Structure formats: C-alpha cells, structure tokens
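Below are two complexes that have subunit A in common, paired first with subunit B and then with subunit C.
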Partner chain A sequence: MSLIIDNVSKSVDGEIHLQDIHLTMQKGSFNTLLGPTLSGKTSLLRLLAGLDKPTSGRIMMGGQDLSSIPVWKRNVSMVYQQFINYPHLDIYENIAFPLRRAGLAKAEIDRKVRATAETLRIDELLRRSPGELSGGQQQRTALARSLVKGADLLLLDEPLINLDYKLREEFHDEFTNIFADNRDTIIIYSSTDPLESLLLGGDILVLDEGRQLQHGPTHDVYRNPRMEAVARVFNDPQMNMINGRVENGRIVLGQGLTLPRSTHMTDLREGKYRFGLRANALGLSRASADDVELEARVELGEINGSETFVHIHHNEVSWVVQEDGVHTHSLGQVIRVYFNPEYLFAFDEKGMLAAAPKYVPGSGTAEE
Partner chain B sequence: MLGLYRFLKYSAILLWSAFVAGPFLWALTTSFKTSEGIVSGATYIPWLQYKPSLDGWGVLFRRGGQGIDIVDPYLASLTVTLSASAISLVLGTLAAYGLSRFSYKAGPIKNADITFFFISQRIMPPIVLSIPFFLMLQAFGLLDTKLGLIIVYVALLMPIAVWVMIDFFHNIPVELDETAMLDGCRPVETFFRVILPNCKPGLVVAGLFCLIFGWNDFFFAFMLTFTKTQLLPVAVVALNSSVTPWWSLSASALVSVAPLVILAFVVEKYLSRGNLAGAIK
Partner chain C sequence: MAKIDLNGVGHCYSGKPEKLEDFALRPMNHSWDHGRAYALLGPSGCGKTTLLNIISGLIRPSEGRVLFGGVDVTDQPTAKRNIAQVFQFPVIYKNVTVYNNLAFPLRCRKLPADEIDRKVREVARLLNLTEQLKSSAARLSADAKQLISLGRGLVRNDVAALLLDEPLTVIDPHLKWLLRRKLKEINDTYNQTMVLVTHDQNEALTFAEKVVVMQAGQIVQVGTAQELFENPRHTFVGYFIGSPAMNFMPCRLDGNAVKVGEERISLPELATVDVPPEGKVEIGIRPEFLKLEHDASPDTLEVPILNVRDLGNFRIATVRFAGHDLKIKIPEARPIPSEKGFLRFPRQWTKLYVDDVLREPAGA
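Entry: the complex of A and B
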C-alpha cells in the first residue's frame, strides 16, 4: 500500500501553506519531514490525517482517494508536539482506547496493550492517570496509543520538541528499535532538527515556505542538497555560504581567498558561484596537509549542547565553525581556522547544486 | 514575624466567618424561640438563656387554616429550578461545544456574534424582558404555570451555562478532539466519550450558577405568577411580619437558603479547577 500525494496545495484565507506537493511514499518506509517553523510540516501532516482538506490535489492510499473518507474511518495515528492523552482514563485505558473503538476482543486488547506498553517502558504505569506522569512518560503513552492500533499511516509531529535534550537523546536511541521491524506502516516524522533527521535515517522530504524542495534517501539529500535552500534547511548551524568565482582554473572565495580547484570541482565552468561549507568542516586545528588556513576574529561563541559554535569574521565574510566540546573564546580574539577545499559545495547563480564534495563529514554513514 | 502573620491571618478569617455566619446563627436561634424568648432581650444560647421550641417551624408546614404553607411553593421552586437548570445545562453545554469547535456563518454573523448574543441576554436589565415574556406567556396560555416559568428560566439560565462552558472548552486543546477522531470516534462519540467526561468541574460550576440564579430569582417569579403557582421567594416575601411571627420568618429564611448551602458543601471539591489542570499540557 503506497501513499501518493498528488499535486496537493493548501491555502487558508489566501495565505499559501503548501504548494504543489507531489510525492509517493511506500509501505514500511520511514520518512522525515524536515523544515523550519512555518514551513508547512504540520499543515501537510494534518492533510494526511484528514483533519484538513487540501485546497487542490488528491491524497491516495492504496489506490483509493482519501478525500471522501472521514477521519474516524481512516486508519491513521498522530502524535502531537503537545502531550495529548485522555485525562479521564488511566494509562491502560488510554492505550486501549483505539482498540476498544475498533471492537477488538478483550483478551486481544489486553495482550496488545501490555506488549506496546512494554516496548515503550511504561508497563509499570498502567494504572496511573496521565496527570501523574512526567512529560516524557506522557509522550510515551501517546506514542503507545498511536502504535498499538497498527495504523497504515503513523504521523509524528515533532513529538520530542517539548522534551529536554537528555530525554530526546534517550528517545532517539529507542526509536531505532521501535521502528526497526516496521513493515506495514508508512511513518512520517516531522522535525526542525537536521541532526535528528540524520539519526532517524530513512527518506526525507525537505520543506521550506510550503514548497517541497527535495525528496529522497536522507543521507543522499544530505550529501547532495539539490539547491542552496536545501543546504540551508538541512544544516544546523547553517551552512556557510560565500560568494566567489571560478577564475583561471582556480577558486576565489570572497575578497580574494584563492584556492586550488579540488577534484570534485574540475568540471565547473568559469563564472560566479556561491560556495558552501558546513560548519563542521571547519576546525581550529589542521587536520590534513591540504587544509587552507584562515586568520579570523571571534565575533561570538555559542555553546549548544556538547558543541561550540564559533562565529568568526574573516575579510568581510562571517563564518561559523563547529567545535566539539565546550570551549570559550574571548570576543575579538584572532584565531586560526582550517578547512579542506574537498568539502566545499558549489551552487550556481540560480542556487542549484553545481558540485558536491565526495566525502561528507558528519553524515553518520560509512563513506563510500 | 511568622507568628504575627499567622495571628493576623487567622484573625481576619475568623472575623469574616463571623460576619458571614452571624446572620445565619441569629436566624437559627430566633427560629427556635417563642414569643417569651424574643421579647426578653438578646439571648443566644438555647436551654441556658431561653427554652427552644419548634413552634416557629411548625407554622410553616401547617396546611390550610391558621399559619402559612410553604410546602407547595417549596416544591414548585424545586421543580422549576431543577428542570430549568437541567435543560439549560444540556442545551448550553452543547451550544458552547459547537461554538468552541465549529465555525458557523450566516451572512455577517459568525461565532463571536452568536456568543455575544447569548451573553447579551444577561447584560440586559431583566425588567426589559418582563413585558415581552408576560405577553408571550399570555399568548400561549402559560401564565401562572410552572411550565411557563421553566421556559422563561431556560432563556435566562442558558446564557450562563454557555458562558461558563465556552470558556471551559477553549481550555481543552482541540487536539484532544482530533486524537479521539483519529482513534475512531465520530464527532458525537468524541463529545460524549472524551470531552464531556473531562468537563466535570465546568459542568458543576455552570450547574451551580444556574441553580443559584434560578432559585434566587424573585422578579420573574413575581411577574409571571398569580395564585395557582407560587415560588418560594415570592411566598417568603409575602409573609407579613405583623401576622407571621419572627421565629417563623426566620425558619422560612433558613429553609430557603438550605438547598444552596448544602449544594455548596457537596460540590466544593469540584470548585477548585486544579482537578483538570495538569492532565492536559
């Protein structure tokens, strides 16, 4: 059973929320929906759930147009950002709720509820009420309820965004197990966090301002962002973008930082380009003999979890360097940063990808 | 410092309690007195200062002949208030749910206008409505009947229920409704299986307001009834202190407020909204 989103658009009061979304997802696939806030992720999930109707286009499931099927007859589950559970029911009854509505036999309901609760490690809490649980446990309950009925379509709308950093990491580890033996469900997981998408793997749909920018296997999209906008959305901190040109067989970045043309750039025609460099491709120490050295002034040091983002200024251009671990830099301090030109992306004047590095640090997979 | 603070706090509470409870206690002691007990000056403690008697209470339940009968007005008041409150609560809750979850449109009239229409019923001074109500009941032959009063009270009480419940429904995330539908509930099932069970505190508050306003109303009960039907507030006010002894007046005042006082104790635990908070985040 495949899900076909056929040229779907959605606008509300003249404001466009989604425009010409067109893609197919296969049964058993795991898909992330990546985009910044207001990019249309929730709008798309609500259309797929049947909670809203598309302004134009069709959504098909297993060859059947879903538009005439009301929400309660579709076999869809959704987990929200907020922790939504039935406050008047205990955890057991919360998980059993969709099964009771479906009219399953008592023994089967009991078996399924207990198995799912165990998977989500809330089997000790079955007689508690949602109000007595922590945020993480409440979201586990909501996840259990969405998993237990074996829906054709499981929609997860930034389910971890309201949890703290530690709990998010815990969930990420568990998700790999929970979703590992999924064969029948199409799972769509929306996220604003590029790192989360990379961790979860599967396929990705990159959305920005209601438009579908790129759809494909997550790691392929990370390595070959089709356009500058994808690279922008799919990196945190954002990819460093520097105006430059290819001139006399060499690459010129910004105000005259001249580099030799690395192997993946040999096919580039002469002309203007925007060069992209991920923050994690820049380092404060020399990693190889090919590294280019920049002398730059520190503008800001930003500590983000277990990483430090150092904002630097070099020759009229601002860069962000991602440094592992927590470090402090004094403002205005002059430091040396290094990068390998092998890691440069090149986008043409229309913003489309012209050259992508062969190796990508931090993509999380073994390099070919 | 803390000692002084606590002393002041409890003093204030005690003072206020005395202020609130004083008249009740006064009426209570008076209702058990006889004429001797009253004219002999201020006395408060039964058996010690005066001899308690049930005479004052007895008069209230003497049907026909001497004394006054408040049993019929009492039953009439109970019937009218309970029926009108129940109908208002059911209709008001449904209306409020509709207004909080669905968009209605009739020309320029939208949800906010409909809500205001309900609320505005309570903004108008009641006297404005008295003549229209009178004429309408007259036209339908419902003057001086319990049914007529029930209909009028529903018109007066339903806005209260709508008002309280709309606020309550707005605090229940619409995602809860959606989750219920995704879990296989039709809209009606969603309301009865998921939303309503989570509305108990709101229903109690709305119900209590309806009962209080309904039970206490004097104006319409006075305007729209004559001889056949008489509600308690009208009956109590009709008691004449030159005919009815003070101890009976006190007893009638006490039986009038009794239902509401008992009700307040029964539903007290629902009146703290903390019951629902925390269950939905």
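Entry: the complex of A and C
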C-alpha cells in the first residue's frame, strides 16, 4: 500500500500553509518531515490524518482517495507533541483502546498490549493511571497505543519536543530499534532537529514556508542539498554562508580571502556565488597542508552536548566552528581557525547548488 | 561586595529529618566567590531551587548558617539581602517606559537624578535597549522584556548577587545564544556574582565559569565545563553532561587489569586503586575517548560492531563488549572497520568509580 500526495496545497483564510506538495511513500518506509517551526509539517500531518482537507490536490492511499474513506475506517495513528492519553483509563486500557474498538478477542488484545508495553518499557506500569506517570512515561503510553494497532499510516508530530535532552537521547536509541522491523506501515515523523533526522534515517522531505524543498534518502539530501535553503534547514549549527565569487580561476570569499579552486569547483563559471561551509569543516588546528588559516575573534563558546560551537568574527563575517569536546573560550579572545577548501559548497545567485564536496564519510585519512 | 558562604546549610521541608533522604537539600558547605558566574544544574527535584531560595532568603534553612561577606544573614529577609532576581517569565512594569523600568530600583534608593540617568543609559547600551528607552515596555518582544528584568538587577551597585532562575525558558531557541553571550558579557563587565539555575546542560556549561551539578539533594561536582566533561567525579555527571552519555560497566580489579565479565582490560595503574570489598565498582569512559581500531595490538580487545549511525558531523558506532553495549563517537572523516574492530581504553580517559564516586590511583 503506497501513499501518494498529488500536488496538495492548503490555504487557510487566504494564507498559504502548504504549496504543491507531491511525493510518494512506500509501505514499510520511514520518512521524516524536516523544517523550522511554521514550515507546514503539522499542516501536512493533519491532512494525512484526515483532520483537515486539502484546498487542492489529492491524497491517495492504496489507490483510494483519502477524502472518500470515512475517518473511522482509516487505519491511521497519530502521536502529538503534547502527551495525550485517556486520563480516566489505566495504562493497560489506554493501550488496549484501539484494539477494543476494532473488536479483537480478549486474549489477542492481552497479548498485543503486553508485547507493545514491553517494547516501550512500560510493562511494569500497566495498572497505573496516566496522571501518575512522568512526561516520558506518558509519551511512551501514547506511542504504545499508536503502535499496537498496526496502522497503515503512523504519524508522529515532533513526539519528543517536550522532553528533556537526556530522555530524547534514550528514545532515539529505542526508536531506531523499534522502527527497524517495520514492514507494513508508512511512518512519517516530523522534526525541527537535523541530528534527529539523520539518526532516524530513511527518507526525508525538507519543508520551508509551506514549500517542498527536497525529497530523497536522508543522508543523500544531507550531503547534496539542492539549494541553500535546504543546507540552512538541514544543519545544526547552521552552515556558514559567505558571499564570494569565482574570479580569474580563483575563489574570493568575503572581503578578499583568496583561495585556490579545488577539484570539485573546476567547472564553476566565473561570477558571484554563496559559499557554504559546515561548522565541523572548520577546526582550531591545521589538519592538512591545503588548509586555509583565518585569524578571528571569539564571540562565544557555546557548549552543545559533547561539542563546543565557537562563534567567531573575521573581517565582517560571522562563522561557527565546531570543536570536539567541551572547551572554554573567553569573549573577544583572538584565535586561529583552519579549513580545507575541499569542503566548500557553492550556491549560485538563485540559491541552487552549483558544487558540493566530493566526499564519502569515513574515506578520509585516519586522524587523532 | 560579598563572598557568599553556606556553612552546614541543609533543608528539610517537614522540619524533622530522621535520615539523610528526608532532606530536600542535604547539609553541606559551599562558597560562592565574588564576581564569578555560577550555574546550578540538575534535573527537576534535585534541590537546586531550594538552594537558590536559601541564598535569596525566601527559605530559611532548617540547618546551618548563610553568610554574606562574613556577616550572618540566615535570619534576614530577602529585602535586606541586596539580592537581585530574574525569573522564568519577565517581571516588568508594563505601563511605563523601558527607561522608567530600569530607573525604578534606583529611584527607590533615592539616588540623584544625574546618577540614575548615567546608570540607566549605561545598562541600556550594554543590553542593546538604547533605541527602546522611550518605548512602553508592554510592546516589546519576550526576549527584550527579559532583558529589562535583567537590566533592573544590573543598574544597582549594591547587589551582592544576581540570581537567575531559568531565565531563558521563554526565549526563542535561535535567540538563546545571543542572550547567553549577553549574560557572559555582563559578568565580564560588571564583575558581579551571578548564579544561574537551569536544568539545561548546554545553558549551564555555556554560561558559567563554575558549574555546580546537583542530584538528589546533593552537590555531586563543582567544576568548569571542561572538568565536568573530561573528569566527571560522579557517575551522574558522566551521564548527565555530554551526549551521548558516558559508557559505564560494572567491573572488578584483578592483578594489573580491570575485569569486566570475563574480559580483562590491562590498566595496571587503575588496578592499584583500593576498593572496599562490598563497594559497587564501575569502569567509565566517554564515547569520544574510547577508540575503535582496525588492527589488533597488545592493548586492544576484539569486539563485534552492532551498528554505525551516521549523524553527519560524526558517527556513533555501537559495539558489544563483555555483554555490554558501548558507544564510540567517531569523526566524520575517520574510517570505521566493518563487522568487527579492536577496542582500546586510553588510560587517561578511563575512569574508575566506587559507589558512583570517582576514585583515582595514588599519584594521579
């Protein structure tokens, strides 16, 4: 059973929420919707859940127009950002709810509820009520209820956004295992977090301002963003973007930082470009003889998990350097940073990708 | 200008503690040096808000004394302590201008008008609020309002400490780094003692010179961000700081090796640590420091690789070792062996914990 989103648009009071979304998702696939707040992720999930109707276009599920299937006959589950459970039912009955409605035999319900509760590690809590549980346990319950019925379409709308980062970490580990065995369900998971999308894998649809920017295998899209807007959404910290040009066979960045043109840039025509550089392509020590050196002033050393994002300022341009480990930098301190031009992306004046690093992860020389 | 000392300070809400677990904050000694930026970090219920309220005077501790600059203030109310506080949600006077909001604490203290004006403009400049001085405070964005709350604490010269209780909760994520920067700049400029309470690791580590990590009513470590990351003195710090968390495995010491299940890791120096027979002994190493090699050498151990996750900037490999899943973080460019690899535990980064507390070999 495949899901076809056929040129779907949605407007509310003349305001465009989604514009010409068109893609196909296959049975057993895992898909993320990645985009900033208000990019249309929730609008699209609501259309797929049948909670709203498209303004134009069609959504086809297994060859049938979704709008012709009554809501109660659609086999769709949805998990929300908020932890939504039936407060008057215990955890067991919360999970059993869709199975009872479907009229399954008692023994079958019991087997499924217990198996799903075990997968989500809430099998010890079955007789508790949702109000007695922590946020993480409540969301486990909602997830169990959505998984137990084996829906054709499982929609997860930023399900971890209201949990703290240690709990999110735990869930991410489990999700990759829980979803690994999926054969029959189309899973769609919305997220604002590039790292979460990469971790969950599968395919990705990058959305911004209601438009579909790029659709494809998640890691391919990450390495080859079609346009600057995709690179912006799909990087945390954001990809460094510097105005520049190709001139007399060389690359000029910002206020006159001139670099040799590396191999992946040889086909670029002379003219203006925006050059992109991931924060982890910049370092505080020289990694190769080809590295370019910059002298920069520290704006802030921001700690993120096990990395330090060093915000720096060089020649009127702000950059972010990702340093491994947790380190301290004083404001205003002058440091040297290095990058290899091999890692530069180039976007043309329309914002479309003109050159991407020819790069395969793990292909570099071993370095400590 | 005052150093703040907590001497044997503890608090039990019910008043009559019978055992240590009854304390919301277990009795402890701690000093807050003048002019430093501190963060109080821990999960909800760890006692960090209780500790903050004891400093501000909202709670009178059931045990111990609180000293400001050597003077006992334990029985003094908040108003007498010269404390400025910023809360989760901006507290501003809505119907007056930004200027009058900032001037308010100084007018209360009856300072001369020209001094008030000088101070208000100085603080407004630092907080980038100069343009808005004449605007009504009600019309500003949430982050600008929070800056005003902060500014009211900064205009006063007599403040012993500025206490910040989760002040960035209402701030838009992409503005947070700018405000974090602002807070640091303020600490640099005014040399004022600041205590930030937060459950957000990144915020605490980014802001503070010293992070005070709390768990279950106790301070488990006080250190710089780098110290907490590189040398966690408690298993909770290893878990709570850093992502993914530190790897831990139960172990025992055997000759010159650390034994995990039937596997022997040769760590002669670490194996000299004196371990009580009934203690819970664990070995811990961060995913950043554990090494996965292509080839065997005398100090490596063969492991199957269960999976590798590509996270763009880096990859996480999970390996199985003596019945435990261990995570290893590997830079984007570095090749990873397939199916099996050889694990190395660098001495410097391999830690031993007894009953959750770091134990270092003599002379380390």
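The working rule: the second predicted complex is superposed on the first by the 359 of 368 C-alpha atoms of A that agree within 3 Å, B and C clash if a C-alpha of one lies under 4 Å from a C-alpha of the other, contacts with A are read in each partner's own complex, and residues count from 1 in each chain.
Heads up, the rule we're going with is that a contact is a pair of C-beta atoms (placed from the backbone, for glycine too) under 8 Å apart; a residue touches a chain by one contact, two chains touch by 3 or more.
All of these numbers come straight from a predicted model, not from anything done at the bench.
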{"item": "Clash-or-fit label for the pair subunit B, subunit C on subunit A", "value": "fit"}
{"item": "First, second, both or neither for A:280, with subunit B first and subunit C second", "value": "second"}
{"item": "Superposed model, subunit A: greater residue contact from subunit B or subunit C", "value": "C"}
{"item": "First, second, both or neither for A:131, with subunit B first and subunit C second", "value": "first"}
{"item": "Subunit B versus subunit C as contact partner of A:195, first or second or both or neither", "value": "second"}
{"item": "Touched partner set for A:222, first subunit B, second subunit C, both or neither", "value": "second"}
{"item": "Touching partner for A:304 - first (subunit B), second (subunit C), both, neither", "value": "second"}
{"item": "First (subunit B), second (subunit C), both or neither touched by A:331", "value": "second"}
{"item": "Which of subunit B and subunit C A:164 touches, first, second, both or neither", "value": "second"}
{"item": "Minimal inter-chain CA distance - subunit C and subunit B, angstrom", "value": "11"}
{"item": "List of subunit A residues in touch with subunit B within their complex", "value": "49, 51, 70-72, 74, 76-78, 80, 82-88, 97-98, 101-102, 129-131, 135, 138, 145, 149"}
{"item": "Subunit A residues touching subunit C - in the complex, by the definition given at the top", "value": "164-166, 169, 176, 194-195, 198-199, 201, 219, 222, 235, 278-280, 299-307, 309, 311, 322, 324-328, 331, 361-367"}
{"item": "Interface residues, subunit C side, partner subunit A - complex", "value": "43, 177, 180-181, 184-185, 188, 199-202, 205-206, 224-226, 228-230, 239-245, 286-288, 307, 309-315, 329, 331-336"}
{"item": "Of subunit B, residues touching subunit A in the complex", "value": "173, 175-176, 178-186, 189, 194, 197-198, 276, 278-281"}
